[in-house]
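Each in C-alpha cells, the structures are laid out below.
Next come two complexes, and both contain chain A; in the first it sits with chain B, in the second with chain C.
Here is the complex of A and B:
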C-alpha cells in the first residue's frame, strides 16, 4: 500500500512538471496552429541556464527561476520575430508545415550547439537543496518534488487567470479562435503571436528550472521531454491550459503506477500506445472540445 | 538535349571510378555513409516528398530491416541477402499497420503519430533481451571476406552495393514521378479532397507509397547492419535517424528526383570540410533551406492563383 501511495505522489510530482513543460507548447499550438518541434531543445536551454545560474552565479535554484524566465521570454520573442515569422507569413493561408520543418532544424541545431558549448556530460544543479527531503511516516517527499507540484499548479492557475481576465489574454484567445475576425477588431495578430510564443518559452523557463532539480541535463535531454510534451498536449486537448496540466499528471501517473505492474522500461511504450489510441479515437484530446 | 543525354552515362561512369580518386579508406567510408543517406532520403521521398506525407518515423522501417536480417543470420544462418528481402517484406507489413491508423491524420498530426510508432518499436526492441539483445544491441558475426553473406573487408564492396541501391532508388523515384501511380500521389499531395473527388482512392495510394518507401528503407537498414556489423536500438530506431532522413530530403528539395541526392552530397561536403562541428554547419543550411523552400512554395502558389 505504501509503495502505491508513494508511486502516486511521485507520479503527480513529476507529472505536474511535465504538465507545465507542455503548457507553453499548447499555448503556441493553440494560438498559432504551429508545431514547434524545437520545444524540447528550448527546455534543454532553460535547464542549462538554470545550471549556470546555480554554478557560476551561485544562485539558489528557486532564485534562478526569475532570471531564466526573463532570458527565455526574450529568446522566445526574438525567435518568433526574426526566425519563425518570416517563414510563417509565407504560409499563413495553409497549415504551416514549413514552420514544422524549420523548427525541426532548429531543434537539431540547438542540441548540437549545446554539445559544443557545454559538452556531453550530465549536469546537476549546484547546492544541496535538491537533496532535501520531508519524511511523513513511510512516505518520502523531496524538496524538488514538493516545489515542482506547488509551482506548476500555481503557474497553470496564473495562466488561466491571465488568459481569462486580462486584455492581452483575451486578445490571445481571440486570435486563436479566429485570426481574421480578431484583426478586424483591431488586434495586431503578429504582435499577439510574438507575445504568446514568448510567454510559452517563459513558462518553459520555470519548467526547466524545476526539472533540473529532479533530472540531470545533457544536450539531448530535449528529445525525451520534447516528444513527451507533444503527447501531453494532444492528450489534454490542443490549446486547453487545464488539459495540459491534466495530461501531464496523467503521463506522470502512467509512468510511476505502470512501473508497479510492468517492467519500468515499458512505461515509455505504454505512454506512446495510449497517445496513439487517443489520436485515433479522440483527435480533439481527452479534455478538448471538438471544433469545426 | 544531346548534352543532357550524355550526362547520365558520364555521371554513372564517374561514380563507378570515383573510389580510384581516394587514397585512404576514411574518405571512402564517409562517401559510403553519404550515399546510404542519399538512398534513405530517396526512399523517404516517395511518401514524404511525392505524396507529401511528412513521416518522422522512418527509423522504424530502417530498424526492422537491420534487425530482421541480423537475427535471421545469427539464429538460422540465413544469408543477409535473403534476410534483406525478409526485412523489406516485414517493413512493408509494418507500413500498412502503422499507415492504417496514421493516414486518418493530416500534416503535423501524421508526423507525430509516425514518430510515436517508431518510439514504441524502439522500446519494444530495448525490452526483448533474449531474442534481440535488448538495449545493448547485436553484433553481426564476423566472416571477413564473404560476399555471399553480404560481408567484405574491403570498403569497395560496400561502395558498389550502396551505389547500386542509390541507382535503384533513383529509378524508383523517376518511375513514380512519371507514371499514373505517381500522378495520383502528387494529386493527393496537392489536394487530397480534390483528388478523391476525381476518383483517386487516396487511402489506397498513400498506403502503397508507404509500403514501397518502407520496404526500400528496410533494405538500407540491412546494408547498415552489414556495413557497421553492429546495431543497437538507439542507432537504428532512434528519433534522430528519422529526423535526419527527412531533413536531408527536405534540404535537397522534397518531391524532386535529384533533391534527396543533392541533400546527402551537401551533408558529405560539410562533414568533410568541417568535421566535428559539421552538424551545426549543416543545420545552418537546413534552416535557410526550409526558408527558401517555403519561399519557393509561395511563389508557385502565387503563379497558380
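Here is the complex of A and C:
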C-alpha cells in the first residue's frame, strides 16, 4: 500500500514535469503549426544553463530559473526571427515542411555543439538542495519533486490565464486559429510568432531547471525527453494548454503506477499503446478541440 | 554528424584509391601499423567510460611510439584510427567494414559494449583481421569458434557475477550476518541478462531467496517507479548491473527513498566509472560495494611502467584512471607484444602471434593484476575480479581480503539511511 501511495505521488510529480516540458511545444505547435524537432535539444540547453548557473555562479537551483528563462526567451526570439522566419517566409503559401527539416538540423547541431562545449559526462546541479527530502511516515518526497509539481501547475495556470485574458494572449490564439483573418484585423503575425516561440522556450527554461534537479544532464538528454514531449502534446490535444499538463500527468501516472504491477520495460510500451489508441479513437487528443 | 561522416568516408575512399595505386602489393610493409579503434564516445550511457578508455589508448600509442615504435618492424609507429560507435551496433558494423576495407587497418581493438562488439567482431572474422576485445563480457563472443577474435582482458560476464556472489557468501560468513533475501536489478541488454542469470543461480545455491528480480531499458528517463517497487520488496542484499547514467540515477533514488539493505553490490561498469561518486554525491554513494576488474592504485601501481602511465594520465586529465583506462592501456601493449613477435603488420601474422601470447610477471600483468594467455577459444581464463567498497568517495578493495589496504575495515551490514 505504501508503495502504491508513493508511486501515485511520484507519478504526479514526474508527470507535472513532463507536462511543463511539453507546454512550450504545445504553444508553438498549436499556434504556428510548426513541428519543432529541436525542442528536446533546447531542453538540454536549458539544463546546461541551469547547471552552469549553479556551478559557476553559485546560484541556488530555484534562483537560477529567472536567469535561464530570460536567456531562453532571447534564444527563442532570435531563433524565430533569424532562423525560422526566413525559412517560413519562403513557404508562406504551402505547408511549412522545410521548417520541420530545419529544426531537425538544429537538433543535431545543438546536440553536437554541446558535446564539444560540455563533454559527454553526466552533470548534476551544484548544491545539496536537490537531495533534500520530506519524510511523511513511510512516504518520502524530495524537494525537487514538490517544487516541480507546484511550479509546473502554477506556470500552466499562468499561461492559461495569459492566453485567455491578455491582449497578446488573445492575439496569439487568433493567429493560431486563422492567420489571414488575424492579419486583416491588424495583428502582426510575424511579431506574434516571435513572441510565441520565445514564450515557448522561456517555459522550457523552467522545465529544464526543474528536470535537472531530478535527472543528470548530458548532450543527448533531449532525445530521451523530446519524443516524450511530442507524445504528451498529441495525447493532451494539440493547441490545448491545459491538455499538455493533463497529458503529462497521465504519462507520469501510467509510468509510475504501471511499473508497480508490470515489469518496468512494459510500462514504457503501455504509454505508446495508449498514445496509439488515443490517436485512433480521438485524433484531436483528449482535450483538443475538433477542427473542421 | 551524418554529413561529417560522409565527408570523412569520401575523403578516406579517395585517399585509399590514390594509395592503392602507389602501394600495390607492398600494402602491409608500411612504416606505420594502422590500428582500428572502435569505442563509444557519445550518445550512450557508456560514453563517459568510452572517453576514459580512448584517452588511455591514445596514451599507450604515444608511449610505444616515443620508445621507438615496433622494433621488429624497423621502428614502425602505431597509427590509431579511432571511431565513435555511439553505442550503436549498426554504426560499429559499418565502421569495422570501412576500417578494414578502406583504411586497411592491420588489427582492431574495441568496442567496450558487448552488444556492439558481438556483431562487429564478426566482420573482423569475416575479413580475417584480428580483433582484440577490450572489456565486452558477453560469453558468446569467444564461443563462436572464431580464429581472429581475442579476449585478453575480460572474462565472460558470469565471472563478474560469480565474483560478486563469492564475495556475498564470504562476507556473510566472516561477519556472521548472512543475507536471507536478495534483489537482482539489471539493464535489459545481453550483458545485463548474462550477469542476472548467473546471480540468480548463485543466490539459489547460497540459499538466498530472490524477492525482486527486474530489468529496465538502458538509459531510462525515470527509474523511480523501479526503486519504489524495490523498496517494497525489502531485500537484504541488492545486486546491480548498470552503466553510468542508470547506476547514478538508481543510487541517488536509493538514497532519497531510503532503501535499506545490508549491502548493495554493483557489477563494475557504471559503479566504478570515474563520474559515479561525484555525480551521485559522496554521501549517497557511501558504503556501496562493487566488483572491479582492477584492484586500484595501492595494489597495482608498483612498477615504473605503471607509474609512468598513472602520472601522465593524471597529469593530462586531472582524474585517476580506473579499470577502464588501465585495461585499455594494457590492450595496446598486448598488441605491441604480439607485433614484436610477429615481425609483420600482416593481419594473419599478428593473429598467429596473438594466439601464442604468454605473459607472466611482467610490467603489463603487474599493472592489470593477472597473467595473460589464451585458451583454444582465444579467451584469457586467468582474469579475476575484486570487490571494493566506496568509503568517503574512495574505493577500497575488501575482497580478496589479502588485497585490503592496511587500516581499512569493511562495513557489513551498512547502516540504515536514517542512522547516517
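Here, the second predicted complex is superposed on the first by the 292 of 292 C-alpha atoms of A that agree within 3 Å, B and C clash if a C-alpha of one lies under 4 Å from a C-alpha of the other, contacts with A are read in each partner's own complex, and residues count from 1 in each chain.
The criterion applied here is as follows: a residue touches a chain if its C-beta (ideal position, glycine included) is under 8 Å from a C-beta of that chain, and two chains touch if they have at least 3 such contacts.
Computed from a predicted structure; not experimentally measured.
The superposition on chain A brings chain B into a clash with chain C. When the shared chain is aligned, chain C comes close enough to touch A:219, but chain B does not.
With both structures placed on the common chain, the touch criterion links A:276 to chain B but leaves chain C unconnected. In the superposition on chain A, contact is made by A:268 with both chain B and chain C. When the two structures are aligned on the shared chain, A:86 is found in touch with chain B, with no touch to chain C. Of the two partner chains, chain C is the only one touched by A:260; chain B is not. When both complexes are overlaid on chain A, the residue A:108 reaches chain B and chain C alike.
After overlaying the two complexes on the shared chain, residue contacts for A:124 are found with chain C alone; chain B is out of touch.
Once both structures are placed on chain A, chain A residues 108, 112, 263, 265, 268 are touched by chain B and, in the other complex, by chain C. Interface residues of chain A facing chain C in the complex, by the touch rule stated above, are 2-3, 6-7, 10-11, 14, 108, 112, 115, 119-124, 131, 133, 140, 142, 215-216, 218-220, 224-225, 228, 255-260, 263-265, 267-268.
Those residues of chain C whose C-beta lies close enough to touch chain A in the complex are 1-2, 41-43, 47-48, 50-51, 188, 214-217, 219-226, 228-229, 231-232, 244-245, 248-249, 252, 255-258, 275, 279, 281, 283-284. Within the complex formed with chain A, the chain B residues making contact are 54, 101, 104-109, 111-113, 115-117, 119-120, 123-124, 126-127, 239-240, 243-244, 246-247, 250, 277, 279-280, 283-284, 286-287, 289-291, 293-295, 297-298. Residues of chain A that touch chain B in their complex: 35, 83, 86-87, 90-91, 95, 97-98, 100-102, 104-109, 112-113, 116, 223, 227, 230-231, 234, 263, 265-266, 268-269, 272-273, 275-276, 279-280, 283.
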